[in-house]
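This is the structure I want to talk about, given as structure tokens.
Per-chain numbering from 1; labels A, B, C and D assigned in written order.
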């Protein structure tokens, strides 16, 4: 997880579009098989109790898993989500979320990643969600290359 | 799934806040143990390929599961998500999503719901995701009553 | 779910080996994309409280999902499990288990099935577990054809 | 994971019954929130290709998660499985399985554990499955105390 991202990359291109851009996902670091993605709290990202919404937590975990798996694929390939599973462990009531993903296994075109999501408040990080995601590697369609 | 929602309800109150409000979730129908929640496509809700983002799909499924489980609880109780699992089955490339949740089982304070999420394009509905969610019932904190 | 199995089939061959044979799994019916597999209670299949062991319930659900997905594949292909997820809904304290699987979607080599597992006591069936499974289709190795 | 189990314990009592006894599950070590459970290969525990059956792998992971969660509960309480999810990462073709579980979080009566399952062949361990399990703590019924 040492290397900062070397832009412009596929991960940055993916992140700069649609929901991940609108929500403000920030790719913090990428290394082959690993990724860290962060998200600052905003009023439009929370749920009824004022904590980060579970769907937003899942979206962040999904993004981190996708970047982690894609970062270990050859150029021109991208990982898309087959299924994702998240356990919510404690209230995500910090000022920021940080999702750290690592690829457990690539087997043919199937990759499996785990993601720990932390709720940050100042220097304190609390594990607020744990995620597993199954990805499949696709050739990036020509219009996206 | 017949009865339209009778506002103002807890489901409407939950839905009127934070991410679900900002994204435009619409509660279509609620019956004890069941719920239908819809979401129109917007550019800030999609992913790289232009389909609804998997995290947004999960958020919608989560909301539908929460409303379904909460609707079968006594007044003053609310279902919060323990864990959620989504399989993505086909591209969510329609103009609208519709999530239909049903409670499989309440056992003590634990409820399990399944959610089918459809991508709609005109009159055509395509099953794009299938979700299971485990909820736990809590007493609604006093400040939210 | 109408047609009885037409032996000898791949499903029967798979079922006649190892754990599924030793435990006594019975393929009740197979139709393209669907399967029903049953299991009678035995003292070596239960857990501490005397109900069917969760791992045995999962094994039965897995077998049913595998047969359901494989039954929709061309000859010489078999579905193997990528991941499986089971919610346990009520005590599996009947005299028999029946697992009914249906394929939700085949997309390329990936298939997703849901399985309802019922605990039977005489004519009464109780839903005791709900399962989703992701399968991938492989060419059957030559030595197994 | 240092301390050997101090028998007779609840974990040993659970393990000495039904399927876990018949299959030959061995509790290797228990520490608060952690457990290691092993299983030697036998012809009646494999699937069609001769690897450990996915249901048997799940049963072992479930047992390890249950012991891990139960080991952190007060005396007279036991963890039972709400839901379990397993990703199969590589063929479980070794001579033994070892499942190592750790509790991520206890929150009220709900506990979440992750389990790594390794296929062993001599001194070589290969991660063959990754599991998450959600448990709920119950008072042990009087007849089991």
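Going forward, a contact is a pair of C-beta atoms (placed from the backbone, for glycine too) under 8 Å apart; a residue touches a chain by one contact, two chains touch by 3 or more.
This one's a predicted model, so the numbers in the text were calculated from it and none came from an experiment.
Comparing chain pairs B-C and C-D by the number of C-beta pairs in contact, the larger count belongs to C-D. Taking the mean Cα position of each chain as its centre, B sits at the greatest distance from chain D. In terms of their C-alpha centroids, the spacing between chain C and chain D amounts to 22 Å.
Centre-to-centre spacing of chain A and chain C amounts to 33 Å, using the average Cα coordinate of each chain. Per-chain Cα centroids separate chain B from chain C by 29 Å. Residue numbers of chain A whose C-beta contacts span two or more other chains: 82-83, 85, 87, 112, 132, 134. By the touch rule above, chain B contacts chain C in their complex via residues 85, 87, 89-90, 104-105, 107, 112, 114, 127, 130, 132, 134. Of all residues in chain C, those touching chain D in their complex are 13-14, 17-22, 43-50, 53-56, 58-60, 62-63, 80-88, 141, 144.
Those residues of chain D lying in contact with chain B across their complex are 82-83, 85, 110, 112, 132, 134, 136.
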